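In this document, chain identifiers A, B and C correspond to the written order of the chains, with residue numbering beginning at 1 in each.
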Amino acid sequence: MKAGGTAVRETAVRVVDVHPFERQGAYERLRDGLRAYRLITAMWIRSTMAYRASFAMTAFGNFAATALDFAAILLMFSRVDRLGGYSLPEVALLYGVSGVAFGFADLALGSMDRLGRRVRDGTLDTLLVRPVPVLAQVAADRFALRRLGRITQGLLVVGYALAVLDIHWTPLKVLLMPVMLLSGAGIFSAVFVAGAAFQFVAQDASEVQNSFTYGGNTLLQYPPTVFAKDMLRGVTFVLPLAFVNWLPALYVLGRPYPLDLPEWVAFAPPVVAALCCALAGIAWRAGLRAYRSTGS
Amino acid sequence: MATDGETAAPGGEPAPEAPLIELDGVEKVFDVRRRTGFLRGERRQVRAVDSISFTVRRGEMVGYIGPNGAGKSTTIKMLTGILTPSGGRLRVAGLDPSRERTRVARRIGVVFGQRTTLWWDLPLIDSYRLMHRMYRVPDARFRENLDRCVELLELGELLEVPVRQLSLGQRMRGDIAAALLHDPEVLYLDEPTIGLDVVSKVRVREFLRDLNAERGTTVLLTTHDLTDIEQLCRRVMVIDHGRLMYDGALSGLHAVGESERTLVVDLERELPPIEAESARVVKVEGPRQWLAFPAGTSAAPLVARIAADYPLVDLSVREPDIEAVISRMYAGKAVS
Amino acid sequence: MGTARLYAAVAGSGFRRYATYRVATAAGVFTNTVFGLILAYLFIALWDSKPHLGGYDQAQALTYVWVSQGLLMVVAMMGGGFEDELIERIRTGDIAIDLYRPADLQLWWLAQDMGRALFHLLGRGVVPLLFGALVFDLALPSDPLTWLAFLVAVALGVAVGFSIRFLVALSAFWLLDGAGVAQLTSIAGIFCSGMLLPLNVFPGALGEVVRVLPWASLIQAPVDVLLGTADPLGTYALQAAWAIALLAAGRLVQSVATRRVVVQGG
């Protein structure tokens, strides 16, 4: 029954010469991609768990390395009371939210910056002969649970900030906390994917991606009042990193926005994240198509 | 409608009326940029594959040969859906690989000699288990295929070894098994014996021959090693400068290639290439020189001529082999 | 004379090796510039809150940012120099071949790393500093002698950085997975070199300690020589002491490791 159905569909497809990407629906592709992603990550997790001691050590290392950033902030606050007009707990909230959002994206897509190398050494071709989306395979490659260290560290800092800060909580603010973490992860994920797509064109340029991912994360750890107006415009309207934590967190803190933005922008992150992911998806498609037509 | 060629059961009756692989005027043009100065560069177009047409029936075993850069790998990449053709029509099992990459991927197996499709840091068996799920192979079928490959390719001891610790020959066998776990209708092999030791080569060839005979799997292989072709393929295609130069039986190559014999001359000392009307020097190595002359003519006048003009020490005549025939074909093409 | 030429050639090859990756170099310069911008504004805010923090005025703090961004790759702060290759050679056993070469293992890699550092100084160091000087008011000296003194401190810093990474790489002789050690030293390096925050801003006893650790030689020391906030000779003395001590330690470990390889038969 199933075989017959497939054959009929294939026959129909052959008659009508449609656009390449309409043959397999977006829904099917997404489903196949997520399934493949799950399969590959499960394999890496199994293999990681075979060496538990090593996993524990590298996860702690990941935790400690990210904690150093915060140690530097603590050092700064040992010498000053306010940074750009913000107190330590307020900066901690910004820091923690950005760290967690970035941590999720890094956990899910942290191997994407290896794409350029894959193009150079030709191993990308081996992914193209498998019956699952390439994006899922590249994203899941070398899936590393040790990156949970960064997420844990970020969550601890958020916990500290929320415990110390005297926030006037409303239902909207409570709701905004998880929404901001997830949307932020979505925005950073889009940056990871778009950066990888750029590597189809410039294979040695993985560092450019780093400056937007790691650099973006560093930027967002500090209050927006520290930075120049042009930089704020850039990360609000061009590469909308400001929606990861600044705008929603400033709403929670009851602080004024930069650039005189209206109040509702605090609730825009899910929409911004969806838009960024869509654009990154298009960029990825374009990059992969360019690769398949040039072969390099 | 639902029972045309592609739905024939794997390993079942071949469907001669519908070729499994069809290429009609397929082209691939690359833009190549070359650096000519610090910041300057020039662009030019390279026709890697230039209007190639052929068909392969189910169950055929075809050799696809040519020198480096002739367009072999580019053709394989188009057949597997890695690259999109610039022009022409290409079908594998009735599907267009560039547009239906994932659907085609389920029905083909690919082995790259130079790089592995296995997960480098993980044990072989992990890669196989993942392929099992990724290709949605029924459990019983997977077991059966895996057991068969493990037995015939002698992989039993290697299954728990991380791929990066395998020798080249072991890895190649592992790769071939990986390409066959989902019962592909066609198996593409890009240089499957490159860098292998003699024993491994023999084992791989035996396995491929059995696979083709017992399962009817269609095999298309590119190779540098003409022994692969001689031992495996009844049909051979020769490509050079992106063009199909020859498509037919292996035995027919000699006739087409305007066979030449080679006269190997040892002189007393190193000398400039010998000048003779009826022959040309193809190679010089110290005092030894190789002269090619048409297979139809006698060597005697040539030998007499050389003996008269040059300090001759020793000489021998070599009969044409395939390699020479093919290189002659290329040479002929380059001149015309 | 012959050996000097050999090591010069090795250094040259180290230089050329990195010089071939033009796109990667451009991308790296971009990254250093982005991080430089972020840190520059952060430091402006810090020094606005507390002028003369750590004894720097604002212009000096900004100079610190841009010079340190330029030096990050030169002293290979975050790794990425020769050590990955050396670890790989130890792991695969190819090191046995290196040990029987006429060239000395440590000097060979030192020469190579010096070549790399020179390329990174020119390719990765100059542009971010120029960018910083164009956009911000920096306290760059006009006296060529100060620049020369700075370059000497940079060279000593590279030597210290090399000797730390050489020891890390040699640990691969004993440890199955050198990643842990590399990670630890990289963390220590990031924190103790003054890459995140100048070491003279570190408070109290912590500040006293980090300022005499070897990592202080990498970035803090050269920048202070350039800014004129430290006595060059005293700085050199500390740097040279660390370089000699760590290179000697590396030599000792190397000889122990060599005996091990010889005993095991390669």
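Heads up, the rule we're going with is that a residue touches a chain if its C-beta (ideal position, glycine included) is under 8 Å from a C-beta of that chain, and two chains touch if they have at least 3 such contacts.
Given the structure is predicted, the values throughout are model-derived calculations rather than measurements.
A.B. asks: Which chain's centre, taken as the mean of its Cα atoms, is farthest from the centre of chain A?
C.D. replies: Taking each chain's C-alpha mean as its centre, the farthest from chain A is B.
A.B. asks: Of all the chains shown, whose C-alpha centre falls nearest the centre of every protein C-alpha atom combined?
C.D. replies: Smallest centre-to-centre distance to the global C-alpha mean: chain A.
A.B. asks: Mind checking the centre-to-centre distance between chain A and chain B? Centres are C-alpha means, answer in whole Å.
C.D. replies: Each chain's C-alpha centroid was found; their separation is 43 Å.
A.B. asks: I'd like the Å distance between the centres of chain B and chain C, where a centre is the mean of that chain's Cα atoms.
C.D. replies: Roughly 49 Å, centre to centre.
A.B. asks: Per the centroid of Cα atoms for each chain, what is the distance between chain A and chain C, given in Å?
C.D. replies: Inter-chain centre distance comes to 31 Å.
A.B. asks: Going by the touch rule set out above, which residues of chain C reach two or more other chains?
C.D. replies: In chain C, no residue touches at least two other chains, as defined above.
A.B. asks: Which of the residues in chain B end up touching chain A in this complex?
C.D. replies: Checking each residue of chain B against chain A gives 1-4, 6-7, 30-31, 74, 77, 80-84, 86, 94-95, 98-103, 105-106, 108, 110, 112, 114-117, 119, 121-122, 126, 129-130, 133-135.
A.B. asks: Where on chain C is chain A touching in the complex?
C.D. replies: Against chain A, chain C makes touches at 21-24, 26-28, 30-31, 34-35, 37-38, 41-42, 44-46, 49-50, 53-54, 177, 179-180, 183-184, 186-187, 190-191, 196-197, 201-203.
A.B. asks: Quick check: in the complex, which residue numbers of chain A touch chain C?
C.D. replies: Going through chain A, the ones touching chain C are 54, 57-58, 61, 64-65, 68-69, 71-72, 75-76, 78-84, 202-208, 210-212, 215, 218-219, 222, 225-228, 231.
A.B. asks: Using the touch definition from the top, list the residues of chain A that touch chain B in their complex.
C.D. replies: 3-4, 7-8, 10-11, 13-14, 20, 23-24, 32, 36, 39-40, 43, 46-47, 121-123, 125-126, 128-133, 142, 289, 292-296
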